[in-house]
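A, B and C are the chain letters, set down in written order, and residue numbers restart from 1 in every chain.
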């Protein structure tokens, strides 16, 4: 019996199956320093223990996307090693803050299976959760991927397509944020005077700055997340493939866009939920990433006068500044667009 | 009103203005590990808690230039985002050691303003300070930059050129260094037998080794310092600019030269002050940095028999070894020279 | 007298000489995060404090090769700065686990000297040890290098060739591993069901994945280890040399192969000893590293029912997948092979 992990094929999954993913991880201030070094993120809550304590956290929490990438990375060897395509993510809630010293692990439940008519592939739907050492849930999301069948003749497990999460409920958006002492929130140190009430639905913000991506950087990032997807690391194989290049992990683009969004959204210190996102086009090293955002909705949180939630569409481009808010060219995606992310952030009121 | 930071133009500054810069930062052993990884620095005091404790520190302090770069980075969005030129730095004293767990923030006072005769730009002088969570000052320096005016017709604020710091006072050079137990200073572990008394004014030292700089490295460093100056990160824009390349942050060159200077100055464990420095020529990724130093002065510190101070001129070059101590070619700077730094270091006696 | 370190020449060594190497190092969770980022290593014991505690460690120990590289790096300025060739390493035992917060230093004893007949070089044999702050030994190994003579006419110190370590003693292999609570070892979280008893002598495992190496990555790694060997960092000089390229530190290849070996050896969480290794061919940035392993021996440890030891031969290649277990091409090394490592790992029973 081979001892290397061949990954799961479509017929290896069954509805209700629980997968405990390998390699729990104790996160540390070392991970935080690397994250800063990779993206240059500047949100004060995540940067300064003193700032975080003043407003009600026990100390600086980890950046939300650092947590997401670590949890996501754990699911790769079991869920998507044989993926033909990542079809979607949805319904990602951040449920509890994560601090240096916490140990994270990941668990997935198979909630849907649908064989494709070709009998060569099928769609697998999983609900994945990130957990702390004490069982506390730190995040959860649904993901669906198209996975190869090992054997075309293998019987299908029976189709079951789950109801996908729609619009997230505002009452859950504050879960990972303690009650805020807004009077102690120092807007000078945070880098902007703009609060929840200063943003309007329909408002568009060009984040102005650009960041060029190097091969070493996205590899360091993706390994930090212990994500083993081969397309990010293996130039020997990818050089012979469709693009001739290593693909940059889509989460690297998300973190770059989030860091760039500080310029215009400096007080949007917490990502509360991700409705969904599309990696519209691949990114390769050597390109420069830009981003812009639109406020697509606003929500007050029940019983929270400290915070409000903005729903954002953040679009990232490659080698194209975003002053003109690029998105569509005639009826198609603008070819410069690489990410179209729909998510909720919290700001003080 | 735009929510992105357009940076300050000349007419936005006024004498006596105090700017509290954004993004306080809790420094950690993660930052220290990255700094080691970026420069390979080997000074024992900063590398080993046991070594540092034996001689009188509570634990290893952060490298002085790591502290400088973090404080400097905070001032960029407010002071130099619209800078046409960095004209100078002077009078930088390190006042207190910084340890992992400390939270740093930065504050600048506008101490001088002088409009240029073109009415297109003006010179802004600031005194910047780095502070700990308890208000303790960790460093201070004066910097002057040429900044664009938004509107040529805008009235000048009235010229005021401050007296610039000259030669630093030796009595302040020991501020950031606790009383030293020199008998517990292990010269074997420090890597050299040479003490304060072994160095002579006029002595030149070739630091021999060379270090090639990669794009990913200087970007990781500059983001670690949360320095947002665009010229370091954006190949899309810089590729169309004067050099066609991203510029390496000048502080990266300083840290490389300092790390290289270990070979010849292993016991010069603490940078006490920076008189001034010139970034003589730009550095781009792909070049190899070399360095040499000259002892230009020596000073005893009042009431300190443990330590002495050397004033050093450290010169860094690109793609040129320093055995011949390159500096000037006929009446001009040697074209290989990129840095000419004038600073004080402390050594045990 | 020059203050830069010229390194030792053959005639500077004498039998019995003890060299205390410079720059002790307090290792931290920052070093651990960087190591993860550089190699993507996924062994649960080193990744999760909770996992490590459950089976009997006080917390996650450092990766064994991270410890090795840090100790090895300290010996470079004294032992191999003037080395013409690294001839071998042998008899490396890991004696105690290392945890964040420990301070490491290195010490070497000269145990053999043999002048070459050319009178231009000689072979120096050292036994090097890594020590903690309290004097505890964390590892030891024997290394022999060919070193230049400063002066061909200098008298030889008299030849003394030590007996080199042969096969390591199984009773010492468990030294750095506390008694294991195997019932608390979670094989799901560890990523594989395969225990000591599941492996057979002669079994070969293709580790499947490939990792492309970038210049910035191996430089960051080698500086993290404070290893100053010039061939890894100085493109200006190396560009004029034999290969025209910077050489990747051999230890970087070892760590890559070890991280790749997780896929097939996920429960081989501890490297107990290194019998020896050959860096068969140089690696340069841009190549993709693959690896495969063969189980060459098995050993039970006296009085240890918790653990067993596998002796492995791990072979790394560049730009060649390892499905065919490449090693020799006719009578010569396969030109794709870069590393041939012989070592012992521990697995739960």
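By definition in this document, a contact is a pair of C-beta atoms (placed from the backbone, for glycine too) under 8 Å apart; a residue touches a chain by one contact, two chains touch by 3 or more.
In this text the structure is predicted, and so the values were computed from the model without any measurement.
Trainee: For the two copies subunit B and subunit C, what is the rotation angle that overlays their Cα atoms, in steps of 5 degrees?
Mentor: Value: 120 degrees, nearest 5.
Trainee: Would you kindly state whether over half or under half of the residue numbers at the subunit A/subunit C interface are used by both copies, giving same or different?
Mentor: Both copies touch with mostly different residues.
Trainee: Would you kindly tell me how far, in whole Å, the mean C-alpha position of subunit C lies from that of subunit A?
Mentor: 36
Trainee: Out of subunit C, which residues touch more than one other chain, so two or more?
Mentor: In subunit C, 28-31, 33-34, 214-217, 220 touch at least two other chains.
Trainee: Within their complex, state which residues of subunit C touch subunit A.
Mentor: Interface residues on the subunit C side: 28-34, 36-40, 42-44, 47-51, 60, 188-192, 194, 198-199, 205-212, 214-217, 220, 263-266, 286-288, 290, 319, 321.
Trainee: Give every residue of subunit A touching subunit C within the complex, in rising order.
Mentor: Contact set of subunit A toward subunit C: 2-5, 20, 22-26, 28-31, 33-34, 77, 100, 103, 105, 133, 214-217, 219-224, 226-228, 230, 233-237, 246.
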